[in-house]
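What follows is subunit A paired twice: with subunit B in the first complex and subunit C in the second.
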Partner chain A sequence: MRRTRGAMATAPVFAVAPALILMFAACLTPIPRPAAADPRLEERFDARTAREISQIVDSARATGLPTEPLVSKALEGASKGARASRIVAVVRAHAAALGAARSALGPGSGGDEIVAGAGALMAGVARDTLERLRAARPGQSLVIPLVVLADLVTRRVPVDAASSTVISAFRAGVRDRELLRLRERVEQDILSGAPPATAVAVRGRALLLNSDPRSGRRPSSRRSGLDPGAP
Partner chain B sequence: MVDRNDTPEEDGGFANRFAEAYRLTPSPGPETRERLLRSVRQAKMPRRDGWFVWWVEPAWTLSPLAVSVVAAIAMGLGFGMAWRGTPAPARAPAASSAGAEAERVMEFVLVAPGVTNVALVGDFNGWDPRATPMRRVRSSDTWTVTLSLARGRHVYAFVVDGERWLTDPGAPLAPEDGFGQRSSVIVVGGTGT
Partner chain C sequence: MNSRAIRERVAVCLCALGFLVPPLAAAQPRVSYEVAAGFTPAPREDSRPVFALAPVGALDGASVHAALEGVLVPAGPSRLRAARLTVSKLLAPDHLLHPEVLVRSAGSWIGSRTGIARPEVRLHFAGARAGTWVAGAAEGSMDRADGYSGRGAFMGFGAWTRHRRLTISGALEQSSGILPRPTSAPAEPDTGRYGPALDGPMELISTGPERVTLTHAHGRLSWEGDRWELETGGGLSLSPLASPRRWAQASLAWRLSPLFSVVAVAGSRSPQLFAIDPAGERKFSIALRAADSRSREPGLALVARATVQACKIRSLGGGRYLLSVHAPGARLAEVQGDFTGWASVTLDPAGGGWWETLVDASPGVHHLGLRVDGGAWVPPPSFPTAEDDFNGTVGVVVLE
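And now, the complex of A and B:
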């Protein structure tokens, strides 16, 4: 049967609508474009490694995590001459630690807190320590307590001793400067030969006593051979 | 349909009679045809009920021009939304970045006897040993450099003679970096509480 010239003009809508819907749906589908890598990554890595790192960075960005520490970690690895596979693995582990830190510290945590929390987790601090720190003084920045905590653990202070000392100090309202001072004194004590656990216990106790205005007692440091008041 | 091979006509009478009858059928005149079409148009179609009646019994039609216009609009919208929906390769804000007014000038000092050059590397300069060379202080063993850093936590180290990495003895240690080296941590503007 020969179609008349005006057949298309009177084609019912159900003959055209599916094609239109399909066309519209196809147009709405985002065109997959390869994610552009950070220029700094493209400068320092081969294309494949840059792409792998960029994928990790993009995933972190999609979940709202800070991404600059990941790029920085990759660049750090490149400057230190690490193998590409090692760098990708470290960046991936760092991204996971960032996610775990944010989960422990809460979604409202700042970028620096998340990065410091990730550092503490990677040093071996337990996740619930981060939660307890957050609960101790909600709304207060945890950057310095977390940096000090990671430093102490890195200096071989037992995780439990370091965690309890920092949590107690933070809960008692110890200021950031005093926490940094605590770190310095523990470091000096360790360099002087004191066992790390003893050093943190003595210095932590002295810090709490000195920061508590109701307490008139001075810590007895003679037994351990350490002077908590020393600079 | 009649298969002529199966019904042979001995005298061809049936076929001739059929052809003759077809020729003699009067063709309807214009008035008759118009009347017929009018009656067909006026005849009411049985209506169906249901949510999807419009799909099988549409009440309107589209011309090729309308189809083209609608398709062009749809494609334009689709490409526009697809383009906007594709993530831009812009860099995310740094975790430790802040406004320029929040930057602070920091001085880094390292005492390193017997070395020929020292550089400061960290997350603030892409860990590039060429980016921030340190200056020797009056032929001494002390090396120093001053630079502005944004508020926040920074990780850094010193590179001595282009190969040895040293931490800052006066700063907290960062956890092991996964590359077999240590780094130091500085928190800019974070100790005021």
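And now, the complex of A and C:
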């Protein structure tokens, strides 16, 4: 009887203790809150727009994509007086391009390559061009080839012509500095009145003919660090 | 001073402030200074050169320019003190037709106090490299002897062209002038306003001070090199009451450092710079100039915007880079990019048409744009470009 009473007396204690522990743990556990928006976004946008952009940025961060280009793109739009809806759409498109670029270039791609690849995709370059570039010289930096490719397309060189020229040059081992020189010459030709397709074809052929295979096979640095404006 | 004169003066000042303050509040104007100290001829009753100071303070915004120039001869029988304030505001700068409101005022303390204000409205038709303008102006003058007087309906037109480091401009303008009093009293100091009668015997046709309309035709050529600057100008002033008066001046500056230059000037200055310099004096002066800018071109309209000729980015280590922009003749150069949070940053003049600023950036791909004299944002020349998705183009740079 005593034992029974004792068992009955202790039963509620055993039943309540876990509940108390759970309640205590719940009190200690921080309540999950939405990540705070970048202060730069809060400073330049209304609360709703900042929240929308922050959601895109958070999603990109969660998938391991570089987020600074997204914030920067939003600030750029604000600085240029674009409408909030347009800025959100551009940031969203840019985030998608970053994801597509990483997917095309491979999981081991550097942040700069992903940013340059997204720029090329946004300019209209096909995704398989990025894959072919990566396959052409695995392990080499694609930043300058992608920047040059995006520039050529921006200058109204047909995408196919620009892609094939850059891929051919990259496969042939042309160095970053020579690719940048190719870009400058194409730009000068276009400014002189040459059709963009002709300019890139002529200059690309000349580059391949004049490139020294032995020197051209030298691996380019992981980060070329070239200053296109430097003499 | 009568009440009407006071009202008109106040109106001019308020007008100038109204055009100046809002754009300055919105933009980030660049303040520059210049002090030239050297030997220059005294007013014409002196024969030996005297030491003179010529301070200039200027304020340049994207569509506004203000400059306060002075001449001070601290010692000697003629203690020349004169100042000129120019305020210029460009309206609707992004259109092909650029209305500009220009207020020029000047005052001198040479014997008697004299002041002149000249509000002017110019309508420019300008492109990137050349432009033309027509103007209508009025003038109000005040001096102790004659009190206030106002004259209006002065016309003017001009044209300019700029190619890289070379700028050529010409104009035909009207202004008011006053002939000297017909007395045998000692010659009054020359403020330039009396200009047309000073080259020869006075042709007096009245017994009081005669106000006449002067017509000036003048041209100017300037060339800005990395270390040398050359400016030449000349003109002809006509009035119905006096013989034509010619003037010409050339100046050559050699930059010792980004801050200091040696300046040699020969010839006589334009009589349009009334109340600033003794006009009509043929002179040679040499001076040491300290200036943080040589972008001030008094003869050139605000609308004459320079262009970016070159851009360089040099690593200084530690994530710091020196951005250099070559824009000869520019009043203002700005950069914006992802490394500035897309906020506009004003560059500092470094001499020879170069502008510089330090930027902190991480290695990698960066986007940027440049703007000169409040014009459109453009990618740096010879840099790769990319669409910015906002109907524009930006430059792309890969920093190591």
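Heads up, the rule we're going with is that the second predicted complex is superposed on the first by the 183 of 231 C-alpha atoms of A that agree within 3 Å, B and C clash if a C-alpha of one lies under 4 Å from a C-alpha of the other, contacts with A are read in each partner's own complex, and residues count from 1 in each chain.
Here is the rule we use: a contact is a pair of C-beta atoms (placed from the backbone, for glycine too) under 8 Å apart; a residue touches a chain by one contact, two chains touch by 3 or more.
Small disclaimer: the values here were computed from a predicted structure and weren't measured.
S.K.: Name the contact category of A:G117: first (subunit B only), second (subunit C only), both, or neither.
M.R.: Neither subunit B nor subunit C is touched by A:G117.
S.K.: Quick one: classify A:P145 as touching subunit B (first), subunit C (second), both or neither.
M.R.: neither
S.K.: Is A:A78 touching the first partner subunit B, the second partner subunit C, both, or neither of them?
M.R.: Both partners, subunit B and subunit C.
S.K.: Is A:G204 touching anything from subunit B or subunit C once the two structures are fitted on A? First, second, both or neither.
M.R.: It touches nothing on subunit B or subunit C.
S.K.: In the superposed model, which partner reaches more residues of subunit A, subunit B or subunit C?
M.R.: The larger set of subunit A residues in touch belongs to B.
S.K.: Between subunit B and subunit C, which residues of subunit A are contacted by each of them?
M.R.: 40, 68-69, 72-73, 75-80, 82, 86, 90, 93-94, 111-112, 115-116, 119, 122-123, 143-144, 147-148, 150-151, 154-155, 180, 183-184
S.K.: Please output the residues of subunit B touching subunit A within their complex, sorted ascending.
M.R.: 54-56, 58, 60-64, 67, 70-71, 74-75, 77-79, 81-83, 85-87, 89, 91-97, 121, 123, 126-129, 152-153, 155, 165, 170, 172-183, 185, 187, 190-193
S.K.: Which residues of subunit A touch subunit C in their complex?
M.R.: 40, 68-69, 72-73, 75-80, 82, 86, 90, 93-94, 111-112, 115-116, 119, 122-123, 143-144, 147-148, 150-151, 154-155, 180, 183-184, 187, 223-231
S.K.: Which part of subunit A faces subunit B closely enough to touch in the complex?
M.R.: For this pair, the touching residues of subunit A are 8-14, 16-17, 20, 23-24, 26-31, 33, 35-38, 40, 57-58, 61, 66-69, 72-73, 75-80, 82, 86-87, 89-90, 93-94, 111-112, 114-116, 119-120, 122-123, 140-141, 143-144, 147-148, 150-151, 153-155, 175-177, 180, 183-184.
S.K.: Given the complex with subunit A, which residues does subunit C contribute to the contact?
M.R.: 310-314, 336, 338, 341-344, 363-365, 367, 377, 380-390, 392-394, 396-400
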